[in-house]
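So that you can tell them apart, the chains are marked A, B, C, D and E in the order they are listed, and the count of residues begins at 1 in each.
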């Protein structure tokens, strides 16, 4: 009987989950990040700048600048031992320089999140049938699914965006739809990007789900069939609920990838985080500060995603499942 | 006279080149408990899987309650409701609790509502002595408990016939007893069972007939006393002596 | 008089809160075959693992051939060359052939050259009757054959003592015979073995002593005749009757 | 389907195929160098995550989280313009792509190492092999075989990400393609994108099938496939 | 290369130039060769100085300034207009070309604006980091004549014109010579030009005064002779 194994693996899983959640610093960072975002969005989108004018930062730059200069002069007066103080001064300088750009970046973050979430969620609905077709389909459905996957994984996402945006009538169709491009419903380019991410991430997601389905022991479907469930019902009620749980780690990776690849949407003028950063940088030439800042925002998004997936994994965890996948 | 509950008539089955069953014929009446024994690879599991059509046969016919179940137009899902199966390695649905394992078929196959299915589920868990474990997940159960959930799951569909494929061989020696006891109770309740098993204690005390399968053929078939005390075929005696290890 | 080959002296072992071994003491002489029995979770595997230090003990001492092997400065790799282990689920190196499984230790641990290691490897495969399967990979072997490779792999290191952890319980009833026969041959050759097993046939015919472990304590320890025919402790009798199933 | 808004100009693409192939050469070189660097760093990092402990393990894990969480563009710009690790764009791009890939490869190998049954390591220790020796001789050979599918994914991603190197002045396939339609001689953007996609596709397909072939060749007879 | 250059064989100092192809007729790739007005002009100018041009490096337009300050290159010749923001980070030579912005619309469209104010409420495109973008920002968005969401910024003007043809935007703001090339090749037309008084200059590192002076001297020599006129005819002459 597997008692010793299951206790140890159970412990590893919990240990891993504790990895991020146990770090108060991470939790704090993520909490501050989201509080700022939500207040910012509420002010800019919903209250129409009622709290503070749009594009004006919540935080004054002056205190940071003065701290930076005070520390800077302190550092130089200390001579060689002032090195750490100088470093802190540099940090405050960085903060002061970054503050004016935060509001614009926050709107970019909104588009990035929306793109990622819609892309991965819609892609999921294509990925599940694709992976089921790969594992359980006949040879025809299998090769169609394989062809789809190879096509979308084998060609650059940039090229997919280009073809969808410039070489298909998609934009013409979408821009005629009611409400597109009005209020905070983004314009056609955004929706083309969502479609591209959906199609592309469906290919990657289907691979993760496929290998998870493969790791569900064959006996599970046999047992389902043996109590009279049809093949489709057996897959739906028995194989998928287990397989999707196994797929969570791989699926989390895909989410992280998509957060970062959403920056490619700037190529077709979508004003997401990267596009905003790039636009401000090409105006102000503060490339290093802005890209570091954008990097930090992406990192905060990635950390949030990891925390969220950890939480999901924990919520849907079932004793003994997903812990002994191989 | 009513027809036999189960009849295999000259059943042939091969996987590719390999002939696994070669003309297997036997009958069982309602209430019978037949135990199938035989060396590894002799086709025991395959024979069971043919009966609920988890695999298709290549020749011959199988009748359940007088109806031929091996035509192309038999509804296999309908058939499987009538023929329950208990697996060697349990195959409990790993993402469902013991109760949910038992009720899944009731709800999705029988279309019962949740309350009714649960009531029936509890009943069958009680029958196998597992009421306390209703909310445990498979990974939280011991082997013997898992197998008893497997039995409850099959029983819940009210099958005419229960198939058991080596239900105790994945269990620790000490846990075998639990499961054998439940099977013995079922036999006493008159449930028809076809059991692949090398548990000689159970075979001796509960079997109506023993079927000895070797290389896809029935070598000997008869009541336990006859097979154990006075085997007709030399191969049967040889196999039985090997099985009990004491002879070595 | 020479010291006992293996001596456990008041060994304690716990995993966190859980006390697994509570004051286990016994001795074995060279050439002895001791069989350990006991219910699941009683600490049998843990006891074996303490002997070759796959796990560390919390109290007491273990002596091999008079040397205390549980000091901090014992070279565990050196110790493990002298104490071979055969696992319940074989643990053959999946990427190596039967021969390579046997020679890996000879080459990497003993530092033998390839030709010499192979010669010795073939010798031990022959000893377990597997010369024909030398080039097969584990996945191509039956359970009984896998276990025999496992035994050859352990024998090849010329250990003073061989540990077996339920070497037959992952095997089909018919395959058990093969492995039991090899073990019986080893016993006849005078190899010292400490065996966790519930194969009563083997225990009766080959064991010098039976050790009955329950809840981390040795409840009874004596020659097989005594334990089987005339157990001193009530718990022993109860356990033995449960083990043979016939009683139920 | 309405007429394509772009003029068809396949002849222009054909005439510039040699340039595209030269760009492909840069792509292939950069991918190979980066994947190799990623492997050399990522494999030990994966092993440290599984078998290591203490500060080393924490350091490797943290570096991994940071590298995986930061967009490649940011890494590459910081390495070139910020830290100036090398004045060669090729070297810098290789380091950036290689470091990032190492962070991902470490996860692939971590998973593969963990998927090798614990009993394998235990059995190796039981015949007296040292811990390192057992990991190297028994666990690693099995884990490497199991990491092929993940490695294929990673290769595909690195291959396509090489195009980011243009921000530090290293032009590969995609840049060459963009230069073609931005060169004022033709506006055959769609044709160029389709051709570039086809080249990427062929590279991915050929490499992945070759890896499959190698995998088959080294697969353990009768063993289940990962 | 880089690092202000080493000494050449003949005792002169070597410099490396940087550009961002894809901006015809100023700089572009033809048959794999870097060509264009800026390329010829800078080479002519450097010939007049004591420096020698070791070679060209190609970057994205927006990486040019970081590459310059980071000493990967010593001079930028990329149709870069002189403006205050850039001047804070780098220095410029004297102007070598004045460019006005052209407002390009669809040839067959019914939209024919005559001044910047006609653009308000429409969607407008420009190439990221160019004077066209600055014009849109400063003249339309800042005064509140254009909502920011109606401005699309493209990595390259070819894509902007492509999107103009697709109907996703109504006008593109680009440098006049570039617009002329387009009007000749595509079904687009110049609606009007906007006088920015923009000047292109070569970018050099802040404080590299000796080098800047040398380039300025070279530039005036080239302008005084016939070379400058020849190059203008060669690259802008077709229209």
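Here, a contact is a pair of C-beta atoms (placed from the backbone, for glycine too) under 8 Å apart; a residue touches a chain by one contact, two chains touch by 3 or more.
It should be emphasised that the depicted structure is a prediction, and the values quoted were computed from it without experimental measurement.
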{"item": "Mutual neighbours - chains that touch chain B and chain D alike", "value": "A, C"}
{"item": "Chain separated most widely from chain C, comparing mean CA positions", "value": "E"}
{"item": "Chain whose Cα centroid lies at the greatest distance from that of chain D", "value": "B"}
{"item": "Chain pair with more C-beta contacts, A-E versus C-D", "value": "C-D"}
{"item": "Between chain C and chain E, centroid-to-centroid distance (C-alpha), Å", "value": "81"}
{"item": "Whole-Å separation of chain centres (CA-atom averages), chain D against chain E", "value": "36"}
{"item": "Whole-Å separation of chain centres (CA-atom averages), chain B against chain E", "value": "82"}
{"item": "Distance between the centres, which are taken as Cα means, of chain B and chain A, whole angstrom", "value": "50"}
{"item": "Multi-chain contact sites of chain A, meaning residues that touch two or more partners", "value": "1, 166, 287-288"}
{"item": "Residue numbers of chain B (touch at least two other chains)", "value": "172, 175"}
{"item": "Two or more partner chains touched - positions in chain E", "value": "62, 66, 159, 162, 166"}
{"item": "Residues of chain D touching chain C in the complex", "value": "117, 119-120, 122-130, 133, 137-138, 141-142, 145, 220-224"}
{"item": "Residue ranges of chain B touching chain C (in the complex, touch as defined)", "value": "39-40, 169, 172-177, 180-181, 198-201, 242-243, 245-246, 248"}
{"item": "Chain E-touching residues of chain D, taken from the complex the two chains share", "value": "5-6, 16, 18-19, 22, 77, 80-81, 84, 87, 166-169, 171, 176, 178-185, 187, 189"}
{"item": "Chain A contact footprint on chain E (complex, rising order)", "value": "61-62, 65-66, 85-86, 88-89, 125, 128-129, 133-134, 137, 149, 152-155, 159, 162-163, 166-168"}
{"item": "In the complex, chain A residues that touch chain E", "value": "166, 171-172, 175, 181, 187-189, 266-267, 269, 271, 275, 278-279, 281-285, 287-288"}
